[in-house]
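My questions will all concern the structure given below.
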């Protein structure tokens, strides 16, 4: 399954990545599963993408980690927002 | 008793007077008595200085009609305020 | 803290700059500008005329600023109030508050204009399509002011 | 209603003029400007860096303006939010509301900035004397936002 991943805030900064086009296993069905799969990259990915430190959006709407993912979704991972 | 009288807002406009130096009878001791004495001028003075239409200040502080007056006070009569 | 009662128009940007004045503690700057509306009920407003009680009005506005500063952590606050003849859309009054945090700046600014409406000796005459009227204190303004006496929302206040 | 996310500084006077736009119904104009403070806790702030989620951030801000306009009688409202590197005392964000009456303008403006803090995808990094920190949503901001959900003070709202 092809998915566009975006990173903002602390994880983007610490992982040194703003976006990637990932080909993820088709058996991943939720944001939580996708995060767990990304954490398999190890090292800093495990820390930065820990569930409790991450907020997400699917197709530019804030979502809980239980949200489903679909092919061609635009998925964003970021730290808690702090604008204004 | 010598008193300086100032008028603002509706009564100043309708009476055509902004200030006057009045020599008022010494037996007047409150704003209410002073107003009643001024209303003796008759005509429009009776309407404009009716107790319920008038607000007052003594020496630049808002006061009730029961407030005492003293020689050389600066006394102001005006309509309810409407700034801003 | 600064109070100005003047005939001439004011420049909001210049007044904001004066309040900021390079103070790096300021995180929130709130302004309220009151403008002359072109209507009053069903009537069209042609102009308004504002007068004040010189001396007492300045003292009343300073007192309101002091009350606001005692209640909220304001770094600065300022009132500019115009008098004389004003046309629709003209600026009447400006209130600016500066604070570290926005809650104090908002509450302080709204408190100041609510009190100005009910505790400062200004009078407004409206020249409308239906004649000339001296505006009197509105019940809604008195109610707005009384909310603060009940302490309706104490978030952001000094402890 | 207008939203702008930009690197360059904004001119509050020009933004206020754009909102007024000769509309004679406007009686109240409220602005909130958020500035970079020179401190954060015990640390000195050297600069901040703001980033956003392009596309989503504009949509989020428009949605907040729509919510405010649905709840209060606002004649216009506007948000300008800067991104990129900013120094202490620089302007970060501007919210302007215009209404016939001040209560709606104040409530709408405060609602917009409270929601912006908790519902718009912006991130702030502080470069301080004690190192670099990505700021996270503050509990106090969440509480401020939640006040509106409880309808803490409904005066000035549409009936």
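Read from first to last, the chains carry the letters A, B, C and D; within each, the first residue is number 1.
The rule we apply is simple: a residue touches a chain if its C-beta (ideal position, glycine included) is under 8 Å from a C-beta of that chain, and two chains touch if they have at least 3 such contacts.
Here the structure is a predicted model, which means the values were calculated and not measured.
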| item | value |
| --- | --- |
| Reaching chain D from chain B through chains that touch each other, fewest steps | 2 |
Chain groups still in contact once chain D is set aside, others held in place: A | B, C
| item | value |
| --- | --- |
| Interchain centroid distance [CA atoms averaged], chain A/chain C, Å | 48 |
| CA centroid of chain C to CA centroid of chain D, Å | 22 |
| Distance from the mean Cα position of chain D to that of chain A, given in whole angstrom | 27 |
| Euclidean distance of C-alpha centroids - chain A vs chain B, Å | 74 |
| Residue list for chain A, restricted to those that touch at least two other chains | none |
| Multi-chain contact residues (two or more partners), chain D | 34, 113 |
| Chain-to-chain touches, reported pairwise for every pair that qualifies | A-D, B-C, C-D |
| Contact set on chain B toward chain C in their complex | 6, 8-10, 12-13, 57, 60-62, 76, 78-84 |
| Chain C-touching residues of chain D, taken from the complex the two chains share | 11-13, 16, 20, 22-39, 88-89, 100, 102-103, 105-106, 109-110, 113, 144, 147, 152-153, 155 |
| Residues of chain D touching chain A in the complex | 34, 50-53, 55-56, 59, 81, 92-93, 113, 116-125, 134-138 |
